[in-house]
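Per-chain numbering from 1; labels A, B, C and D assigned in written order.
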Amino acid sequence: MAHHDATYVAVIGASNATEWELAMAEEVGRRLGRVGAVLVCGGLGGVMDAAAAGAATEGGTSVGILPGDDRTGASPHLTVAVTTGFGEGRNVLVARSADAVIAVGGEFGTLSEVALALKMGKRVVGLGTWDLRRDDTDADPLIRVDDAETAVQIALGG
Amino acid sequence: MAHHDATYVAVIGASNATEWELAMAEEVGRRLGRVGAVLVCGGLGGVMDAAAAGAATEGGTSVGILPGDDRTGASPHLTVAVTTGFGEGRNVLVARSADAVIAVGGEFGTLSEVALALKMGKRVVGLGTWDLRRDDTDADPLIRVDDAETAVQIALGG
Amino acid sequence: MAHHDATYVAVIGASNATEWELAMAEEVGRRLGRVGAVLVCGGLGGVMDAAAAGAATEGGTSVGILPGDDRTGASPHLTVAVTTGFGEGRNVLVARSADAVIAVGGEFGTLSEVALALKMGKRVVGLGTWDLRRDDTDADPLIRVDDAETAVQIALGG
Amino acid sequence: MAHHDATYVAVIGASNATEWELAMAEEVGRRLGRVGAVLVCGGLGGVMDAAAAGAATEGGTSVGILPGDDRTGASPHLTVAVTTGFGEGRNVLVARSADAVIAVGGEFGTLSEVALALKMGKRVVGLGTWDLRRDDTDADPLIRVDDAETAVQIALGG
């Protein structure tokens, strides 16, 4: 059972992921589970399932926030699955529920979660994810890292 | 950890609850935890906290779906807390995430969750909750019971 | 065009409505349009369409908040239709957007909107709609009326 | 009144906008109003207000989808304002309600709407907005333009 003062970290990325992304997500999930953080994700396959599987191997707690009306397609490794019936609207809840976010690769859905988390003032760590620029600034709003260990350390405030 | 094919049962009711309602909610939570069902609730105090506490005493799994932007006010007995920032809008997610609903007492928020669950075609069991009538029908859309054991049996399809 | 300080009144009720309900909704819509109130509704058929049609005959402004991902099934009489993709979750937005609510008949969806509006502290006027009781109180949370003129007067604070 | 088969175009951008962005948004709004398109926006100040003001000068129809619980801070130029109480979650509804999106400058909130609209498969036109790249592709998911006239033409499918 999760301690009620655990840190919640969202691991976000696509269903359609590369081998490297799946390996990163799984290791991030394991490291979060090991330290007692709660893993938040979109609850489906690919990066989401890999992260939940990683957390489960360490006895960690995970919650998947699903787009559909029921739990069809939910990762079997989740501790709990929340159905929303909101479609892409569930991305708001993934960002909202997390204290920090780790983006692993990702497509447009992941980009929306990154942007929502940044708008909400949350720390966003990137592992091989979107590059975001505006003409009027050189600043990169994401903290870029190359490995799961550093991603988790930074997400947890280290 | 919750089994991925667990039944999800929402226990809904007010923060401001009577002793009888709290006792009922706590026993419902214990019985759900004992059989491995996942408890869904609104995540705050009163009936919600009592149900989560009951589930926790049996090693059960619970998820609270919170109205606010952060986990302030969340029951410490929850396995996981999902923050929505949707205010009353989170009631939709409580109803949506559950396979069946047990209403214990309750005020307008509980009534909204009962109505949403009925609209979604879910089984709703009532313990001392709202009486709902329309002029053109005698049918009561809720299954009324008087004790926690029967409430849980019916919610689980028994 | 709606004046920016208009009152917003939701007219809620079922797609599957009686002749009396449709006539009431249409007259409520006409009276709201005549005084420059903005009509809010669920945007589909039955009571929703009748209210929007009534508003349109008086040059009134209406907004329909749709459950689906697109405007399929939207009343052609709406000034604007907002698509949500939230299914029943859009009921929260109907209640939230209104300053007062007039319920005309209605099924479980209408009941959820009545309950959400009451929870949000809004005035709810009932025309042949749900009877709501709790054992511990005799108070009826709705203001019951028998005709459209009185319903609109009360909804507008008269 | 909007024709029920109008095209809905979201104009998205920040409250805190440059003179150039405000001028672009206002001209986009005017051009949308002139052709009978419905303008969708986030309903507040800056780019949102400028677009609504532009639409109003041409007798156009606009809907603002607000983050808060009431219409405080809403642009006075809107035809209708929908209150959501969803905070940043309202960005999903801005993207969902539109058939096409024109992004004018913008910060993280705008970026989230761009990403959500792309995820939903909608055409997104950019006027001085975010640059989005992934390492594994050179493709720019936005259609970049330099003036309001071209932005509206492309958003309307021209």
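The definition used in the following text is that a contact is a pair of C-beta atoms (placed from the backbone, for glycine too) under 8 Å apart; a residue touches a chain by one contact, two chains touch by 3 or more.
All figures in this text were calculated on a predicted structure; none of them were measured in a lab.
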Same or different residue numbers at the chain B/chain D copy interface, by half rule: same
Distance-maximising chain from chain B - centres being C-alpha averages: D
Repeat of A-D among A-C, A-B or B-C, where over half of the residue-numbered contact pairs coincide, is which pair? B-C
Averaging over Cα atoms per chain, report the distance between chain B and chain D in Å. 39
Mean-CA-position distance for chain D and chain C (Å): 28
Sites on chain A at which at least two other chains make contact: 69, 84-86, 88-89, 92-93, 96, 120
Show me the residue ranges of chain C that touch chain A in the complex, using the header's touch definition. 69, 84-89
Sort out for me which residues of chain D touch chain C in the complex. 1-2, 4, 8, 38, 40, 56, 59, 61, 63, 65, 69, 71, 74-85, 92-93, 96-97, 120
State the interface residues of chain A toward chain D in the complex, per the touch definition above. 86, 88-89, 91-93, 95-96, 107-109, 111-112, 114-116, 118-120, 128-135, 141
